[in-house]
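What follows is a set of structures for review.
There are two complexes below, and they share subunit A, which is joined by subunit B in the first and by subunit C in the second.
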Partner chain A sequence: MDPSEVEFLAEKEFVKIIPNFSLDKIYLIGGDLGPFNPGLSVDVPVWLALNLKQRQKCRILPPEWMDVEKLEEMRELERKEDAFTPAPSPYYMELTKLLLNHASDNIPKADEIRTLVKDIWDTRVAKLRLSADSFIRQQEAHAQLDNLTLMEINTIREFLLDSLNCMYKLRSNLQPGATKGQFGDY
Partner chain B sequence: MDTPSYFPVPPGVGMEENFLSLDDILLSQERLPVRTECVFPRLGFLEKSSDSQDIPEGTKMELPLWLCKGLYEKKRKVLSVELPKIYKEGWRTVFTADPNVVDLHKMGPYYYGLGSQMLHFDNPENPDIANALLQTFIGRFRRTMDSSQNAYNEDTSVLVGRLDCLEKVLFRSGQNGLNGFQGWEKGQAAQLTASSLVLNYRKRKLVDVQS
Partner chain C sequence: MFIADIKKDFYDVVANQRVALLVAADIDGLCACKILQALFHCDQIQYTLVPVTGWQDLSTAFLEHKEQIKLLIKEDDDLGVPTYDDIFRDEDEEGEEEGEGSGNESDEGSEPSGKRRRFDEGAIERRIERQRTKRQWEARRREILFDYEQYEYHGTSAAMMFFELAWVLTKDTKDMLWWSIIGLTDQWVHDKIPHMKYVSDIATVQRHVSRHNHRNEDEENSLSIDCMRISFEYDLRLALYHHWSLYESICNSYYTACSFKLWTLKGQKKLQEFLADMGLPLRQVKQKFKSMDITIKENLRDVIEESSNKYGMKDIRIQTFGVHFGFKNSFLASDMVHAAAALLESTERDENDPTDNFIKALDSLSRSNLDRLLSGIDLAKKKLIAIQQTVASCICTNIILSQGPFLYCYLMEGTPDVKLFSKPLALTMLCKYLLKAFIHSTRNKRCKLLPLIMAAPKDVEKGTVIVVGIPPDSETSDKKNFFGRAFEKAAESTSSRTLHDHFDTSIIELKSEDRSKFLDALITLLS
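On to the complex of A and B.
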């Protein structure tokens, strides 16, 4: 999976906007998007919010979790805990990038938010690597990790699956009974 | 979205080899010390040090892996294969002590592959060899993971120089994940770039043809 595909999935999340135009309710296959009235906030998916913002037809309101104090608390919590704490949003990395690139004028303290989110990301990825290492070291067959987001899983997926394959094959060397008898081919 | 134009056959780690894998073909070129158990008539030219027409019984020589595998038989009438020194007791203790210190590329770039193939030759030390391979892999995993996931846009030749071929493949997939993520974060995913297939074919552009 590509990071761009993960970003595509992230664009389904809802965000609040304040339009400056009016439009009746629109009926799309994915669901209805409520009537748009200038000055009244409405929930729309991120793909629509970004499109309207680029055409200068709306103002995007930052999501609840995108606040400096809240993110600082989450960062401290993440650093204290050994396990994964619930992420600000299942797509926090992608939403931060999208919203801060297109709508940074609507979001207060954009740079601090970017730094805080990067800190949270770094802590979580470090924990992920630590847990992958202990998984391999103890040769477990099964592990459960809660509260991981798709982007984090995606960056480590290829590497971890390849190493687990190698480890499986090296382990099968220890029980040679099943694979003996290949000499017939020669 | 950046898929290569062909999918290379991966090496068959473990006791089987993948027939079509280039890594496995190169691996089977490695030479092993053997001792002949019977006479090889008129094959004296293989053994450079002696001048006789045939190879007498009990000669110690080196043969490549593919030949050893073909000639080896359970009843031991043709060959007996010795372990190369890196799979012997002495080196095995070095590996279990600290796997990260060893330069696996110098030890034979196919440490894991060759080790797995050695298990075909019915050595009494087989379980120990298999165990040593596994433990070395596990011990070096952390170092490989950290270096592959943290080295972005740097010269990785120092890091990769000490890795075995199998670990190099893993390093590359780690780098893929990292580069994909960093490229996306910088916004390269939204830019149109020429596909690697087209660049490889080096098609002439219309501008060059016209002028």
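On to the complex of A and C.
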């Protein structure tokens, strides 16, 4: 999967906006989007929020988890635990990037939030790499990792699967009675 | 067509149609164009952008698009229209018989014709009276039109007008505000509006700036460093000094160069004295401003102001605005004007297509094209250095001649950087600086009140020169330029082959062979 595909899926998440125009309820294939009244907040998917923001028709409100204190707590928790703690949101990385690129003037303390989210991401990916490394090295048969987000899985997916394939090929060549043809693969 | 309410009469009409935007090649037009583009993007209005450099371009573009598009918006900074800035043309444009002047004048013009219609059924005496009033009215109309067209001057910046439109639609953003500031500063840098008007426009803009800053700056909710911050600065009148060294900037800004008379040895010594007086070591002053010692930079503006008062430069500081975004990008409005003007008229070898230059200059105005802007600043530095050197050589070789009612100067073909001065904006800037320098260097009191006409070769193959006239330099001038009509009349009377193509009527193109008889005609006309 391409990271841009993951971002596309992340854009389906809902976020609160305050429009400055009025429109009746719109009926889309994916669902209904409530009537828009200027000054009243309404939940819309991120793709619509960004489009309206770029046309200066709304103001985006930061999601609840996008708060400096909450993120600091999560970062501390993540650093203490060995296993993965629940992520701020299943798409926290993509949403941070999208919202801070397009609507940073609506989000207070945007720079600190960016740093905190990056810290959380770094910690989690480091744990992931460690865990993948031990998995491959010890030739485990199965593993279970909770609380991973799609973006993190996508980051490690190609590498993990390729390296497991390589290990399998190497292992099957070590078995006695291996056919000669297998050396030709490399 | 003159518009009273910009939103109702203009934007709402345009909103549902396809629009052609014909933009003149100057910075104010560019800024207004950017603002309009942003507004159109918001509302998804289709538009076509056509850069035009003169009346001929305008008419060809109009004819090309005539079938598809019904409304045209032409924007340049305003020339000679006393009150309104948008010139809005319709395909079925009627001949304006009722007078085109400002509100008052058109009222006067239309009133007698109204009376005329009421006398329709009447006796012969009434008919005679009608004819007489009609003749009077025609005479008055001619007079009004002559007055109207005699002087040419600039009104409010087009970019500011469009920002007001955006504000009325509550779609104004900091980017648009910054573009309107650049448009206003362009008028000041190129000396198109009097100082008083500049100051009052700055006050108007300052209200918007504080509104935007107030909305976003809060103790707890401070803004991301990447957001654009516009701040009011009472900064020095040294061109590009933040991106150059202080010494170079002082040598190449016309205000300081003329006050010190830096083309003379005595002037150079005076400059050294000035620097010593402020306690600035030469080594610091000659290195890049950004790497100057922090302790020196802290009070620099006040120190310079104090010292420059002693040396007779009372207005070294000017009110302007600066923008900051990111950690290292800060620009003053005048920096951006110089950069964009240099890009617009760049004569680099591979960039000779005017549309290309237009697009490059347009790009440099947006925040995301910093390298374009920086290349513009480099070009602007070269341009300023070239101007300064040309001014110095002109004064030292005395090629400014007094022709009676005006001063005249001709740049020979072999002069270095003469290609740079085949462009109208650069030549006008050179003209202005030269006049100021001349006034400072001459002892003849009468010459100080004369206007200046300057000619430079434009196209060597076609053998044409570009001629520019500027009014005399005075503190309280209202910047009205009468050379437009004067050039036309002189050309008519001597049947010289001239091209009055430029939107600014005081800039024309002339065949070099007709130069002398054109000048003689001008002398007789203006004396």
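Convention: the second predicted complex is superposed on the first by the 173 of 186 C-alpha atoms of A that agree within 3 Å, B and C clash if a C-alpha of one lies under 4 Å from a C-alpha of the other, contacts with A are read in each partner's own complex, and residues count from 1 in each chain.
The rule is short, and it goes like this: a contact is a pair of C-beta atoms (placed from the backbone, for glycine too) under 8 Å apart; a residue touches a chain by one contact, two chains touch by 3 or more.
A quick note: this is a predicted structure, and the numbers were derived from the prediction, not measured.
Engineer: In the overlay, answer first, second, both or neither for which of subunit B and subunit C A:159 touches.
Structural biologist: A:159: touches subunit B, not subunit C.
Engineer: Would you check which partner chain A:20 touches, where first means subunit B only, second means subunit C only, and both and neither mean what they say?
Structural biologist: After superposing on A, A:20 lies in contact with subunit C but is clear of subunit B.
Engineer: For A:173, using the defined touch cut-off, is the partner it touches subunit B, subunit C, both, or neither? Pick first, second, both or neither.
Structural biologist: Once the two structures are laid over each other on A, A:173 reaches subunit B alone.
Engineer: In the superposed arrangement, does A:109 touch subunit B (first), subunit C (second), both or neither?
Structural biologist: Second partner only.
Engineer: Would you sort A:55 into first (subunit B), second (subunit C), both or neither based on which partner it touches?
Structural biologist: After superposition on chain A, A:55 lies in contact with subunit C alone.
Engineer: If we overlay the two complexes on their shared chain A, which of subunit B and subunit C does A:144 touch? Say first, second, both or neither.
Structural biologist: Neither partner.
Engineer: Does subunit A have more residues touched by subunit B or by subunit C?
Structural biologist: Counting contacted residues of subunit A, the larger count belongs to B.
Engineer: Overlap of the subunit B and subunit C footprints on subunit A, residue-wise?
Structural biologist: none
Engineer: Can you check the complex and tell me which residues of subunit C touch subunit A?
Structural biologist: Residues 41-44, 170-171, 173, 216, 218, 220-227 of subunit C touch subunit A in their complex.
Engineer: Contact residues on subunit B for subunit A in the complex?
Structural biologist: Interface residues on subunit B, with respect to subunit A: 1, 12-16, 69-70, 112, 116, 119-120, 126-127, 130-131, 133-134, 137-138, 141-142, 145-146, 148-149, 166, 169-170, 173-174, 176-178, 180-181, 183-185, 187, 189-190.
Engineer: Going by the contact rule at the top, pick out the subunit A residues touching subunit C in the complex.
Structural biologist: Contacts found on subunit A: 20, 55-57, 100, 104-105, 107-111.
Engineer: Note which residues of subunit A are touching subunit B in the complex, please.
Structural biologist: 2-4, 7, 97, 101, 125, 129, 132-133, 136-137, 139, 151, 154-159, 162-163, 165-167, 169-174, 176, 179-180, 182-183, 186
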